[in-house]
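The following pair of complexes shares a single chain, chain A, combined with chain B in the former and chain C in the latter.
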Partner chain A sequence: MNAVLGESGLGAPPLAARGLTHCYEGSNVLCGIDLELAPGSVLGLIGRNGAGKSTLIRAMLGLLEPLSGAACVFGEPALKLSDAAKARLAYVPQQPEALAWLSAQQMLDYVGRFYARWDKAFAKNALQRWEIPANKVMAKLSPGERQRVDLIRALASQPELLVLDEPAAALDPVARRELLREIALRAGEAGATVLFSTHIVSDLERVASEVAFLHRGKLLMRCSVDETKERYGRLRLPARFASFAPAQSLSRRRHDDGGLSLVVERDTQGQWPEAASLEGARVDALGLEDLFVEIAE
Partner chain B sequence: MDASLLTVQPAAPEPIYRQIVEQLRRLIAGGQLVAGELLPSVREVAGFHAINPMTVSRAYGLAESEGLLERLRGKGMVVASTRRSSQSASHRLSLLEPQMQALVRHAGELELPSELVLRRLASLLNK
Partner chain C sequence: MNAYRILLAPWIATPRSTRWLLVAASTLLVVTAVLVAILGHPAHPWLLGAIVLGLGNGLWWALVMPNGLLLVLAARRLALPGITRDVVLGMLLYAILWIAVPMLLHLPSGHVLAFAVVQILVAAAAMLYMLLPAYLGILFCLLPVLQRVVALPAIEDPRFVFRGGALALVLLLLLVWRWHQLLHGEIHATRWRTPTLINLRRNFRREQGDPLTDIAALRNRPAWLTARVDLRGVGARAPVKSLRVALGGAYLPQTMAGRLYRLIPAVLALLVAALFLFVITMGDVDPSQLPHYLFSRDGFPIEGWMFAVLSLVVPMATIELLLLRWGRVNAELPLLALLPGLSGGGDIKRVLLRTAVQRPAAWLVLLLLLGWLLAAGLGFGWPVALAMLAVALGCLAYLCAMLLGIFGGTPLSSFGRGLLMAVLFVLLSLTVVLPVLWQDWSAPAVARTHAALGVSWLALASFLLWFGHRGWSGLRRRPHPFMPN
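Here is the complex of A and B:
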């Protein structure tokens, strides 16, 4: 039975969602999200606090039943995942709470038994490098230490699908860089698929192959990181040409002097909108962070 | 060559793969990298800078298609031994496109007549 399921999962995207909708106390958190990850891709999810990132992640993994829509993990319905599928997946929530009565060492020894590909040496080294008191009961660790232990647990299981909710928040810059290195190499070499949410855009720019902007429950944009940087720019128009502004733009801001700033896109020939060639107009390249700020305002 | 010779600025508007190609171009033009020199593997560069290996592969691939690098079977990427002039002039010209576009933009912002810019450019080229 498992073998049959496993085969049907072949070729299916590691993670896929269609039409996910959810609300808390009457206000919409997710408004019909479609999102699919190809094997080996690293998708960075950015959004402001409260944009719905954690809810989206939880709904995609079947940890929360959406109001409507559906999610699949390795081709199986997320809400009814088989044990086989669960073993190929690792998820690190923002605030891990499981098994808090064990010490980090005991927890890793315990859960390690359930994974066929558990990397014991990695777990041991990471505990030292990330300065976790290995024998202290986890309930007494700081939230940051707890999340680091959970990251070690997730990475040591060598998952095919790794899902991290704001992993950078708990790490100092050195440990963060190490985590990014792990993510990058596992995706690039082991072919792992990674979904992580963050508000530290430069982390995302390092390792992500794709970026998705979540804003007020909607996906504003989903694009490869390189393409996003090459395709979008900020067009500034002097006041006298404000009326020539292209109708299509991702954001539009009027300055005190009557000039306009717009986020514009190159067309299929790689050209900026016509207004960019007007006298006094200019297009500036936009980093992801600037782009995000411009369109999320 | 060591992976630390490259610098990566993830937050820059320029994609990382382009940053790498640009640096290779400069290191080779400046003689810091000589023909036949072995480049660090994709894994080394990706690991050192904590960036996606696909980004490094893409940079190496582009550098190879520009004739900067050559793939040596079983060894990896080395600095190409073929001289630049063996490439077509139009190809070499296309490498200047970003700088020329930037120049045109700046000239426009300074509201300089093109004649003036062209004359200066010509005198620089004929030096």
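Here is the complex of A and C:
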């Protein structure tokens, strides 16, 4: 467990996981997940509630010890990160509640002392821009305000790897749009690598370069956001050809008339499965949200 | 109308974990009351029975029946019909069971009315206490004043029925008024004005590790009680102080003004205690002699016992705080795990242990010094001093073992903690009180007590050693200590 995946230091992927497995109270939450982020990419991790997104993120950052498998951050074992690696990374958990006894200003002041590249001006301006009362104790802020303070905390450290667990869950649409703009800016201009989990598909389409779909602890698919429409489709097969359905499909649903709906993928030559050419069969293009719903249902 | 629902109403509203405990305690007291009534003093068989039953009755009306209010409030919020009626009818039914039935059984004693007045007084006072705000509840400590004003005669006095009955009527009217007020008014968010019942429930939920109530407690704290945090010098160069900020609670480094503000509740509590002592001794003791009365060799068992209890509170509060911190995945743990330079170049596990133990240990030392000072001032010798040292060391060992369990991922279950607390409470109390008492005992009795205490301490030390070792092994196995349990 926790063997070094690749070469450490320069050239190593910012975040990588191999064969991550974990379970809670006997039920599998992660089933052998392999995932690697390329430098500068923005990966959106999508999945239903309870799919294992938060557990995967926490295991990848060394915040929990997986049953098996290994995760690396900048080439270092996630469970034993050096201070140098920690300084290059920022993580915002879902519904952050840390240091609720400090004011927003004190919290940023406290955390900022541990980062050499801490952007004090950004922290101050962001507090003002997002209209967060700087001297109010965090416990007295609304969940949305607390989430914003934690986002400021993460962004002010100028991380090379930014990991956000459902960052927009408690934000209003305006704050959400601002956050997405900030993520795009960090990735585009500063070259930061971003991993964020969500189940808001429109957020993914707006900012992610890639999408990974996690379902019942398994990574069902991973591709670029632009590619999804071209690569995946819904194959409808009439009942009489149901037995010709391809064995490989991302989801399979049987209709009342005996017909089948399957989410299928083009092969390496860009061709749909053979069954798509059968009489009465058809392939519909799927948007990201439709794809998500089809697979998750 | 469904009798089953009516009987069940207060039961449903009572926390699951305490239901059976309350039923067991109440049943035990009822059975004791019956046995006492049958086998008790031949001259007054009913009196002791009434008092013991009153204890069970009070327990029931303080910890079970008021929960019906929570059920009614929830039902009103959700617009569920019929619940209010069920709860009120349930109260009447339980009143009959607790008061009327034993009354009938006491008919032959000829003291039925006095018996009923005692039970109604106890039930009404217990429930009223739970429905009143916490600060008014403190006034119940001043009941001796009320006794001096009302001049309630002894229970066996024939005048007791009339005066006690009048007092019971006043309490019942207050109860009805308060119930009505809580149902039709708004439950205040501040702890000062919420009923004791709701404050207790919040504390209970917090003990269960409910993060929402933890944050809610901070949110409801008045601005003047908010911590004034001292962040000077915090950073990679001061890992212990930095960790104290992150652990919060009593660890939080505060400015001088913040420390003074923290003393206010303690000073208020001392004033209330002093007032209470003054009132209960009013007329019996000359106020100028009160310090001598309190700090005397005769009074030392109480002070020694208080020393033991306060010493036990230090590790207990620390353990509860850290259990809460190590039970939440989205709070301080991920922040600490990923904060660069937090260890200050050292081993973070040792830094964490040092931080977690240092302050409570300092409190224990301070308490020990105060205890020694008092014991020496009263002329007690080395056995008492040694007993106090044993109490302090026992508390420190308990703290270290439990902390290792928390940090190593092997914390003791809440049942185990409760059991251990009870054992410690008894053992520490006896350790510090017995050396004072056995000055008048025979040598064999002292030797037997020595042996019993020694064996108990050995058993406790063995358990703590084993538990601490298990925690230490867990901590050594963990790649870093900031993993939730």
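Things worth noting here:
The rule is short, and it goes like this: the second predicted complex is superposed on the first by the 260 of 297 C-alpha atoms of A that agree within 3 Å, B and C clash if a C-alpha of one lies under 4 Å from a C-alpha of the other, contacts with A are read in each partner's own complex, and residues count from 1 in each chain.
Throughout what follows, contacts are C-beta pairs under 8 Å (C-beta built on N, C-alpha and C of every residue); 3 or more make two chains touch, one makes a residue touch a chain.
Worth saying up front: this structure is predicted, and the values here are computed from it rather than measured.
Three-chain overlay on chain A, with chain B and chain C fitting side by side and no clash.
When the two structures are aligned on the shared chain, A:42 is found in touch with chain B, with no touch to chain C. With both structures placed on the common chain, the touch criterion links A:79 to chain C but leaves chain B unconnected. When the two complexes are overlaid on their common chain A, residue A:64 makes contact with chain C while staying clear of chain B.
By the touch criterion stated above, A:101 is placed in contact with chain C alone, chain B being left untouched.
Of the two partner chains placed by superposition, only chain C is touched by A:140; chain B is not.
When the two complexes are overlaid on their common chain A, residue A:184 makes contact with chain B while staying clear of chain C.
Legend: residue contacts after superposition of the two complexes on their common chain; A:208 is shown touching chain B, with no touch to chain C. Judged by the touch definition given at the top, the superposed model places A:109 against chain C, while chain B stays out of reach. Judged by the touch definition given at the top, the superposed model places A:251 against neither chain B nor chain C.
With chain A as vertex, the superposed Cα centres of chain B and chain C define an angle of 150 degrees, given in steps of 10. For the pair chain B and chain C, the least inter-chain C-alpha distance in the overlaid model is 27 Å.
According to the touch criterion, chain A has no shared surface contacted by chain B in one complex and chain C in the other. Touching chain B in their complex are the following residues of chain A: 42, 177-178, 180-181, 184-185, 187-189, 201-203, 205-209, 225-226, 229-230, 279-280, 282, 284-290. Residues of chain B touching chain A in their complex: 8, 10-18, 42-43, 46-47, 49-55, 58, 105, 108-109, 111. Those residues of chain A whose C-beta lies close enough to touch chain C in the complex are 2, 54, 58, 61-65, 77, 79-81, 83-84, 86-87, 89-91, 93-102, 106, 109-111, 113-115, 137, 139-140. By the touch criterion stated above, chain C contacts chain A in their complex at residues 211, 214-216, 218-219, 226-227, 229, 231, 234-236, 242, 245-246, 248, 252, 328-335, 337-342, 478-480, 482-484.
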